[in-house]
Each structure stands twice: as C-alpha cells, then as structure tokens.
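Two complexes are shown next, each including chain A; its partner changes from chain B in the first to chain C in the second.
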Partner chain A sequence: MADLGTMAVLLGLGVALYAAVGSVAGKLTGATELVVSARRAAYVTVPVALAAAAALVTAFVTHDFTIRYVYAHSNLVMDREFIWVAFYAGNEGSLLYVAGVLAIMSAIAIRLGAGRLADTMPYTTAILMGILAFFFLVIAVWANPFAPLEFVADDGLGINPLLTHPGMWIHPPLLMAGLAAISVPFAYAAGALIAGRTRDEWVDAARVSGIIAWGILGTGVLIGAWWAYTILGWGGYWGWDPIENVALMPWLAMTAFIHSIMVQKRRGMFRMWNIVLLNVAFVLAQFGMFINRGGPVVSVHSFAASTLGQVFLGFMLLSLVFAFGVFFWRYQWLKSDRPVESFMSREVAFLVNNFLLLGITFVTLWGVVFPLITEFASDGTVTVATPYFNRVNGPLFLALLVLMGIGPVMAWRRASPRSLVRWLLWPAALAALAAAGMAIAGIREPLAIFAFSVLVFVALVILEEWFRSARARASAGDNWAIAWFKVVAGNRPRHGGYIVHLSILVLAFGVIGTQFFDQRADFVLPPGGSAVIDDYRLEYVGSEIEERSDRTARWANINVYRDEERIGALRPWYAFYPDFRQASVRAGIRSTPVEDLYVVPSEFLEDGRLVVRVSINPLAWWLWIAGPIFLVGTIVAVWPQPVLEVRPAPASAIRSPVVRSPAESTPRANPVRG
Partner chain B sequence: MRLILLSVLTGLLAAAFAACAKPEPTLEQRAQRMDKQIICPVCPGETLDQSSVQIAKDMRELIRERLAAEQSEDEIKQYFVDRYGTRILAEPPASGVSLAVWIIPPVVMLAGAAALYFVVREMRRRRQDQGIETAQASSDPTLKPYLEAVDEELRSGRTGSG
Partner chain C sequence: MGIVIGVLLAVGAVAVIAWPFFRRRSDVAKDDIAGGPGARPQGSQAELQRSRAEIFRLIRQLEADHGSGLVNEGDFRSQFDDLRREAARLMMEEAALSPMSDPAAELEREIAAARAGLTGRPVETGRKDA
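Right, the complex of A and B next:
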C-alpha cells in the first residue's frame, strides 16, 4: 500500500508539471494538440490524487503500522468513524487532502472555463497545475504520508483526543478546501491577465468560483467556532488565535472581492482594484497554509524548527511576487475608463466596504505578526490576544454593519438624498425606538444597545426592500410567498447577498449578546451540593466513571433548576488520555434562544468533589443559526440564473439615463488611455 | 411630518442613552473584566476567563481577594506583570516598543481613508473634465424628477440592476 501511495504522489507530481509546462508551451508555440494534451493531463491528476488518498485510507483501515503516519495518528481501539479525521490529523495527510481537493477543483474549473475562456485557459491551467505540483512536491520530498516506520510497532499512538468530535469531520476539510479554492478565482484572473484579456472576460468565472471558495471557507470557520464552543471548554467560540486569524483574513479579503467584483460586473469599473483584492486573498491563503503547516504555535522558534514552514514561507513569497508581478506587468491595460461620479453612490459604498474589510484584515495581520516582530526586536515578548482584537476590530465591524444597511439602497452612479431618506427613515426610526425600548427594559450597556439597534436597522432595510418588491408582485396576483420567491429568483446575486447579510446580522446578534452579557463563576461542589448562578441552581448529583484502553472518562450528573423547578439535566464529561497526557472535556450545554447555560467540569477531586466552571452565554444559540442561513444565501447568490442572464453590459449601455458627451462615449479610442 | 418624526426619535434616542448611564460595576463584574485581560501562564493564547486549569483558577481567586482588599486594577495587573512579565497581559501596554501595536492601525486606517477620498475625488474631477455636458444634464432642474425616477427604478431592482 505504501509503495502504491508513494508512486501515485510521484505520478501526480509528474502529470501536474507536464500539464503546467505543456499548456503554456503549447499556447506560446500555437501547438493546439499540446494544449489539449496538457488539459487532459490536468484531468488525470484527479484519479491519481484519489488513488493516493485511497492508499492512505486503506492503510488506516487495515491498521498498517509499518507506515509512520498511520502509526502516529491511529491505533487499534479507535473508533472507525474517526479514520476520516485521522487522515488529516497531521501535516502529511492534510497536504495530501489539499492536493486532492485542488486537483478536483482545478479539473472542474478547467472544464467549465474551456468554452468562454478558451483563450486564457492555458495560463489558468498552468497556474492551477503549478500550485498542485507544488503540493505534490512537498508531499513527495518533505511530508510523505507513506514513509515507513523505522521500527516494528504492534499498535499506533492513537488520535489526538481533541479531534474526536463530529465538528472535526467537516471543519478542517472545509477550511483547507476553502484556502485551496481561492486558487481558482485567482488563476482565472491571473490567466486572463497573462493572456492579455484585461477587460472583463474573467469576471463571471472568478466571481462564482470566488463566492464558492468564500462560502466553503466561511462555513469552515463557523463550524470551527462551534467545535471550539463544545469541546475546548472555555465557553467561547472565537479566540483570535493565530490559526483562526489566518483563516479569517483570506475570508475577509474575499468578502471585499465578491462585493467589489459586482461593480466590475455591472459597471466595468475597479478592474485594477479587483485584481489587487484577489491577489491579496490568494497570498493570505498561502500565508494561512504556511502558519498552519509551520507549526501550531506561531513563534520564530517553531519556524526555525520546521523545514516545512520554510518551504511554505518560500511558496507564499513566490505567490506574492508572481501575483503582483503579473499585476504590474498588465497595469497599464487595466485602467477603467469609467470614473466614479459621486461620493453618494453605490460604487463608493463598495469602496468603503472594501476599505473597512481590508482594515480589519490589516489589524488582524498586524496582531498576528507583531509578537513575532517584538520577539526579534527586543528580549521581552508581548501577547496580542482577544481584548486587543475586540477593541480595535470591534468598531470597524460595527461600521461595516452600519454600511450594510446604507450601501444596498444607494443607487449606482449617484444616489439622490431624497430617495435615501425615503428608504432609510423608517428603519432608522424603528431602530431608534428599539434602542429606547432596550434602555427602558433595563439594558445598561450603551454600546450593546447601539449595536443591537444597528442590527434592527439593517434587518429592516432588507425587509423593507423585500416587502416593497414583493408587494409590487403581489398586487399582480401572486400570493406573498410566491411573490417573494420570484423577487429573490429574479436577481439572485443581490438577494442571495441579502440572505447572507441577514445571516451576518444573526451572527452579530449572538456575538453582541455573548460579548457584553456573559457571566462566569467557579464552584467546588460536593455530591449533593448546589451552585447558584443568575436564576439557575445547579445540583451536583454525582459522577460516573468509565475506563477505556485509551482514556478514563468521567461524567458529572447535574440537575438544573430554575425557580426551584427542575428544567433539565446536564452530563458534561472530562476524559484524561494518559498516552497524550492530555485532557478533553465536553461541556454540558443547555441551549435556548435566550441564553446558554454552559457547564465545564475542570477537575474531579479525590474526595469526590467536583470543580466546575459555569457560564451563562446569552444569545449564543443564534451563532449556530447563522450558519445554515449563510449557506442558503451563498447558494442562492451563485445559483446560475437561467432566465435573464445578467452579463456585464457594454460600456455604452448602462449609462443611458444621462445624456452622453461625445468625449465620454469614446474613451477607448483614446490611445493615451490604452 | 418627517422632520417632526425625526426630531422626536432623536430626542427619544438621546433620552435612552442618558437613561442607561452605567451603574457602578460590582466587585464580581470588575473581577470578570480583569479575567479577560490577563493571560493564563500555561495555556498559550487563553485568558484567565477562558482557561479551566488550576493555576488560572487560583489567579482568578487572587484577583477577587485583592479587589476585595481594595487594591486597584492597575496594582493587581502590575503584580502579575512583575511575576510573569509583560506577556501576561492580553493587550500589550501602550508604551515602549508595544506602543506601535496601538499606533499603527489607526495611522494606516487614516491614511487609507485619505487615499480613498483623494482617489474618488480625482476620479470625479476627471469625469468633470471629460463630460461637462453630463454634469450639466444631471444638474438641469427640469430633468431632476426623471433622473430620480430612473435612479429609483434602478435601485428597486426591477430592471435587474443590483
């Protein structure tokens, strides 16, 4: 099995290299057969990568402990269903997984681009295959999952206990797939630039593939938050940890891109800017790969220790040079000939959106690298953790939310103040009313009240637009639900976007609730003892113990009372894995839309007492509701529109409402502007 | 009518914020706020608030004892800094080398905002040079209602604009 796997990896490397070199050589020399052959080679990487993956899975299933990776990440007693998790529990398997995903995505991207983008696809193919070849090379040389174990072992070390959670089946694969998928829109755009197609040919392909990558990455981040919430036992879901940050940053840059690309799609503007955004997202994705593969803790020392880290750092720098090299090479051709007309326009709203998103990205990056800089610059190290990010990014996120309410009702080109007032007055009024209501109801956090009322405002603006559009249709005889469906189906990018916006509001609702109103307390409870927090009373009944070959797990049985009425029971557990010298907890959570009661056993004392940390996390339930809404909105936004396909209009078509001047209608003929 | 509505609501909003002047935080609230500002020494990246290991629990207790003994928050922080170094603080202090961590983001954001403003202004000016007629057309008062109607239509998405 090991030999088969290694052979598949080497074959994959060869085929990907051939596809990369062949398609460029074929394109340059005009040898069509070579281009076609290279394209087919790109398809071949899929079965090759799958064969390597199948070899690794087989090795896991058959407990082939002659392979070091299988030895290090599995054992005889582990549950079968975690083999999928063990596959990517270490660097070697993760990289093989990324290679597989990249091969599949590349093949789909190449197939779908073959028609409309035939001219530029050889370069796109070359870029995708170049990236794939890099991964195969790394696997073959530095991180071969099929490397043999140096000694004979009867049993493996087993899987890291933190990974034995359902969230782990989807969170890491989605994150890695999302990071890898950003290569696709990047390759479409860069391929088009290299081919000299510097107008808007690549826009649709990059937009759709960009949203897909962005949706995968976003879903992965959300599931990661859920995993952290249930298993890490600190009652939180986001810790601004470097590993989290490096996934968030490319997501933010892609968020900026999928907004800004709409301006190019509709108005043929911001060509340069969109390329810059894609480049930034792509390089940040490589930065994410680098931090993830360089070691779990970001520190100069772990960089030095890991060859793999250096390899990925090198690849990231190469990506940076390549991406911006192509950009500056084609810079002159990218100029947009249609200027922004007014500060009060949707174009500018999108620019401000980009500005804020990139600002958050920058702050996050700065927070990640600053401790490294100080480590070099001075002897004392500093920590940049959650409070810093909350303090600096919090206001930026809030500004972004406000913009989310205003931007969508801004007209293209030039918004009239009157129409803005007409759209925004009622939502703003009701939001103010909601703020007053919250203050009267006794909420004593001005910032939280402001943030909540911003959510109300944005939600009302969206609902108002849906209401007005649906009413127009409903008056034609449809019932309201059908009318609304037709409205959404009529312009999917826009209304899918609104659904995603709603999911962000729901998410923000949970974030504000947990950030401003959480409560925590520690208790030491003898059996039969009770702890009181807020209006809950927790009664510790006793514990159960289960010995397994790899762990000792203890359950705490806890009855939950509110106003002396028993409202439920919680069974949080705490397991100790001696082989890993690591504990794993599973919180007991009683989740309601109002608040979560969250119980983590931190220790079972010798005398039978239980050390427990209890939290109340208001509105945490909403964090997880946001996920499905986000997914639905993303799918609506990319779903192909069969009727009335909206294509980028020729330069002259969109601006028709205003009388054109002769000078303006012929900018492309102007040689200076190229 | 709109103006009245707007002013009433502004007043209401102001009253709301005046009403929710924060009450003096309790000892426990102050302690929980401090838990979030100090890093657990043995678990990288986790604050005391997040960590469930013994030492974090002890440190949380210590914070409560000292607050009860009327030590100030700064004194307690200083105590931890003396024992563990600056890295025990979840936020770097705004002094010395780590002042940069606080200064750079606002500076970059301001520079970015200025760049954004000037770029858009430049683009608008270029447009005005090119298309004087366009500018005149759109400022022609007789055309205004039509242009607004068009804007309205574009924005409402009925024409497929979005």
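Right, the complex of A and C next:
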C-alpha cells in the first residue's frame, strides 16, 4: 500500500500543478481545450487524494509497521475506532487529510462556479490548485506518510493518549477542513479580481462558501472546547492556547466577512473592505497551518510538532503577498457604488461590528506572536497568559454583544432615532428589570449582571423582530407558527443569522456563568472519605484498576450527595501511558442546566488515597447546547433561496419612460403577506 | 498490487485529463460553457435577468421590513423607488439586447409575481396607475 500511496501523492502533485498552470495558460491563449482539460484535472485530484488516503487507512488497519507513520501512531492493542484519529495524529497524515478535503472542496467549488463564473473560474481553479499543489509538494518532499521505517518492528508506538477521545473523531477534521475551506471564497474573489470582474459577480459564491467554511471552523472550535473540558482535566474549555487562537482568528475574520458581504450584496458598498477581510481570513488560515504544522509554539494541542515551520511560514508570506498584490492591482476599480448616507444605518453597524471583530482578532494575534517575537529578538521566553486575553478581549466581546442587539433593527441607509427607540425601549427596559432582579436575588458581580442583562436585551430584540414580522404575516390569516416559518424562509440569510446570534447568546450565557461563578477545590480522600463543596458531598468509595500493555488505567468510584440525598455516582478515570510518559484523564461530570459538578482525579496514591480536583461550573451545560443551535442557524443562512423567475424584458423598454417620478411610481404601503 | 492500482490510477487520470484534446473544438466549447449548474454566459440577458430577480427579492424583503415596522414609510418609499429604478435600468439594458412589449406593466407584473412567489398566490401590487 505504501507504493500506491506514494504514487498517488506524486500523481496528485503533478495533476494539481497541471490544473493550476493549464487553466491560466488556456485562458490567456484562448485555448478552450486546455481550460476544460485543466478543470477536469482539478476533478481528478479527488480520486487521487482519496486513493492516497485509502492506502494509509489500509496500512493502519493491517498494522503495516513497515511504514514509519503507522509505526509512530498506532500499535496492536489500539482500539480500532481510533484508527481514523491515528490517520491525522501526526503531520504527515494531517497534511494528507487537508489535501483530500481541499481537493473535494475545490472540485465542488469549480463545478458550481464553472457556468455562472465562467470568465473567472480559470483563475479561481489556478489558485485552488496552486494551494493544493503546495500541500501535495509538502507531503511528497517533507512529510511523506508512506515513508518506510528504517528497522523491523513487531509493534508500533501507539497513539497519543490525549487523542483517544470521541471528540477527536470530529474536532481536528473540522478544524483542518474549516481552515482549508477558507481557500474557496478567497479563490472566488481573487479569481474574479484577476479576471477584471471587480463588481459583485463573485459575491454570492464567496458568501455561501464563506458561511460553509465559517460554520465548519466554528463547529470544530466548539467541539475542541468540549474535548478540552472533558479530557484536559483543568475544568476549563478555553485557555487562549496558541493552537486554539489560530483557529479562532480566521473564524473571527470570516465572521466579519459574512456580515460585511451583505452590505456589498445589498448596497454595492464595501467592495475593497470585503476583499481585505477575505485576504486577512485566508492569510490567518495559513498562519494557523504554520503554527499547527510548524510547531513554533508550545501548546497542549501540539501533537504534530515538526520542522515544517519554515515551509509553512514561506507559504504564508507568499499568500500574503499574492492576496494583497491582487488587491492593490485592482484597487482603483473596487470603489463603492454609493457613500454611507448616515452613521445611524445598518451599513455602519456592520462596519463597527467588523472593527470589533478585527480588534479581537489582532489582540489575539498579538498574544500569539509576541512570545515568538520576544524569543526571536532575545534569549528570554515570554508567555502571554489568559488574563491578557480576557481583560482586553472581554470588553470587546461585550460591545459586540450590545451591537448584536442594536444592529439588526437599524434600517439600511438611515435609521430614524424614533424608530430605534420604539424597537429598543421594551427590550432595554426588560433587560434593566432583569438586572435589578439579579441584584435582588443576591448576585454580587456587577459585570456579570451587566453581561447577563445584555444577553436578555439582545434575545428580546430578536424575539421582538420575529414577533412583529410574524404578526404582519399572521394578519393575512396564517397561524403564528406558519407565519414565523414564512418570515424565516423569506429572508434566510438574515433569520439564519438571528438563530446563530441566539446560539452566541447561549454560549455567552455559559461563558459568563463559568467565568464569574465557578468554584474549585482539591481534596485528598481515603476510601470511604468525604469532601464537601458548596451543597454537594462527595464520598470516595474506592477504585478499580485495569492493566493493559500500553497503559495502567484506574477508575474512582464516587457517590454524590446533595442535602444528604444520594443523587448519583461518578466514575472519573485516570490512565498512565509509560511509553508516552503521559497521563490522560476523563473527568466525571454531573451536568445539569444549572451547573456541572466536575470531578477529575489528579493522582491515585500508593496508600489508597485519591487526590481529586472538584469544580462546580455554573451554566456550563449551555456551552454545549449552543453548538446545535449554531449549526441550525448556519444551515438556514446558507440554504438556497428559491429562484425568482423573470420574463425577458420587452423591447419597448428602451424607448418607454419606465421610471416615473417617485410620487407617481411608489405604491402605497403594502407589506408582503402570505 | 499497490503498484498496479497506482498505474491504473495514473492511466485513468491521464485519459480523463487529455480527453478534451481529442474532441471537436465546438463540443469542447459547449462543455466549457455548460460546465456547471446555472451555466450562462456572462454579460448576457440571462445575467441581467438574474440581477433583476435579485432586485425583486430585495423589494419583497423591503416590504416585509416595512410590514414589521423596521422601515418607516418615508424610507420605504425612497428605497422602493431606488430599487424600482435599478430594476428598470436593468430591464432597459436587457431590452437593448432583445425585443418585447409594455415595460411598465411588465415591471409591475414581475414585482407582483415576486411577492406571490412566497405563497404561490398572487397579491395585489397596490399600484393605482399600473
């Protein structure tokens, strides 16, 4: 299988290069055969990449330890369900996975754009295939997963213990796919600019592919937080770790883009800005690849540290020069159709939203690169820790939440202050009431009270808009549920966006609860001993042990009491992997919408006592509920709108004064009903 | 075995990629244009129609915003006129490429059709002078 894998990788490199060069050469020389041939070559990269992937999977399944990568990331006792995880447990497999995903996404993007964006697709194809060729090149030259092992081995080293978690099935693939997928909207936009299509031809394709990339990346980040919560054993879910940050940053830039692109679509404005946002997102995605694959920073997620840093740094710089080179080349043709008419408008709300998102992005970027710069410039090592990120980004996130409430009720072009007051008065009043209620209920954290009341405010604004819109339709005879569905269906991008906003509120609810009100304590318990935290009592009953060739695993049996009533049992798990000199834990979690009781064993002492860390994480349950809501909103936002068919224009339109004066032509107020 | 599959893969890839060079040029050109769903030549009437359909969709959304109170009467009138003008401009551009009849009535009919598109039944346009 190693032969097939190596041949497929080399073939993939050749075919992707041909597709990149052929499509541009065909376009420039007018050789249609070459353009079509290059496009077919782009499609061919899919089966080629899949063949390479199949060869590697087969090698894992058959325990082919003649392959170095299989030897390094699996062994005979490894659970079979983790073969898929072992596939991308190291750089070589990860890069093959990225190449496969990029090949599939590129083929779909090229297929969907081939007709409507025929003029620009040769350049888009060249960009996508150029990126894919780079990945195949790295795999072929520096990170070959099919390279032979230099000695004979009966068994492999096994998989990194931290990766043996169900979250690993989907978290890394989604993150890598999300980062790779940002190439697609970027390629649509850059291809259009190179072809001289500097208006809005690329907008729909880039918006849809951008939302898909953003949704994949966002889901990957959320699942990563869940993985960290259950396996890393510190009771948290987000530590502003460099690897987490490099996934978050392109996601934030894409969040800015998918908001801002609506202004271009609707008003023909922000053309330059949208290109800049896409460029930033794309370069940050390459930065993410550099940090992930190059291993220049220390991280709890550094499973694939290697010496590929310079290669990926070079590619990131090349991406930067290319992206902004194309932008400056076409800069003068990217003017907006019209200026901003009022600072009180949805356009400006989107712009402020973008500045806040980019602000968070660059604060985070600085936190990631500052230690690298310091290390480069001096001998010392500097660590940028969580307080920096929380203190600087916290207020920015809060401002973003406030804007999330105000922005949607601002009209395009200009919003009247009276209308804004009418929309925002009740939500603001009820949010103030909620704040007062929280203070009366004994919550003593002013910032948390303010943050919670902002969530109430934003949720009420969204519900108010749905209520008013559904009422306008319900007055025509539909029941409220159908009316609401029709409201959402009538403008899916906007209402899908509101559902995503709700998911962000739910997420923020969990973040505020866990950040402001968590409790934590460490205990040393003998068998039969108890520990008390808040109104919980934990009784350590005893432990069980399991010896396997690669690990020694222990379970702690813990009874949980509340007000002396037994409410459940927890079985947190701790295992030590001698080959890796590494411990892995599974927290015991009793999760309710109010709070999580989180128990993680730190150590089993020889005298039978258990060292255990216990946390109470209020509202943590809501963090994970946000994920499905986020997915639903994303799917609604990206779901295609029904095509409106129009008849061909009549010839007399050239001669007839179709547009009368406004007074003559404007209809009386007539809301769409149905 | 792996080498045999690899060779077959390579031969298949070359065959698929080289195929356009062995076809008639006219067939290849057709394949190029019809290479994807929604395939239409750019700058054509079809593209103008698509832009006009997008304007009608915006009109429908504007009317929904007006119905919910998000857009007040004055802004609604002003934005509706802008959209209508843009649709008319597109229609005139398109008409320059192809012949037909009364453009004002056609425009109103299409706006009404766009509104009805949501429910499948026609809705009164509200225009007195159409």
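As a convention for this text, the second predicted complex is superposed on the first by the 626 of 674 C-alpha atoms of A that agree within 3 Å, B and C clash if a C-alpha of one lies under 4 Å from a C-alpha of the other, contacts with A are read in each partner's own complex, and residues count from 1 in each chain.
Just so we're on the same page, contacts are C-beta pairs under 8 Å (C-beta built on N, C-alpha and C of every residue); 3 or more make two chains touch, one makes a residue touch a chain.
This is a predicted model, so every value here is computed, not measured.
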| item | value |
| --- | --- |
| Contacts of A:116 with chain B and chain C, given as first, second, both or neither | second |
| Which of chain B and chain C A:367 touches, first, second, both or neither | first |
| Touching partner for A:433 - first (chain B), second (chain C), both, neither | first |
| Chain B versus chain C as contact partner of A:236, first or second or both or neither | first |
| Which of chain B and chain C A:18 touches, first, second, both or neither | second |
| First, second, both or neither for A:351, with chain B first and chain C second | first |
| Chain B versus chain C as contact partner of A:490, first or second or both or neither | both |
| First (chain B), second (chain C), both or neither touched by A:392 | first |
| Contacts of A:603 with chain B and chain C, given as first, second, both or neither | first |
| Residues on chain A lying within both footprints (that of chain B and that of chain C) | 266, 409, 411-412, 414, 416, 419, 465, 468-469, 472, 487, 490-491, 494, 644, 646, 658-659, 664, 667 |
| Chain A partner contacts - residues on chain B that touch it in the complex | 2, 5-6, 9-10, 12-13, 15-17, 19-20, 22-23, 32, 35-37, 39, 44-47, 49-54, 57, 60-61, 85-92, 97-98, 100-101, 104-105, 108-109, 112-113, 116, 120, 123-124, 126-127, 130-134, 137-138, 147-148, 150-152, 154-158, 160-162 |
| Parts of chain A lying in touch with chain B, wherever the complex brings them together | 233-236, 239, 241-242, 262, 266, 297, 339-343, 348, 351-352, 355, 358-359, 362-363, 366-367, 370, 374, 377-378, 380-388, 391-392, 396, 409-412, 414-416, 418-419, 421, 425, 428-429, 432-433, 435-436, 438-440, 443-446, 449, 465, 468-469, 472, 487, 490-491, 493-494, 519-520, 522, 585, 600, 602-603, 611, 613, 644, 646, 657-661, 663-664, 667 |
| Residue ranges of chain C touching chain A (in the complex, touch as defined) | 2-3, 5-7, 9-10, 12-13, 16-21, 23, 25, 28-29, 31-42, 45, 48-49, 52-54, 56-58, 60-61, 63-73, 75-81, 84-85, 88, 90-92, 94-96, 98-104, 106-107, 110, 113-119, 121, 123-129 |
| Chain C contact footprint on chain A (complex, rising order) | 1-5, 7-8, 11, 15, 18, 32-37, 39-41, 43-44, 47-48, 51, 55, 110-119, 121, 197, 201, 266, 409, 411-414, 416, 419, 422-423, 465, 468-469, 471-473, 486-487, 489-491, 494, 641-654, 656, 658-659, 662, 664-674 |
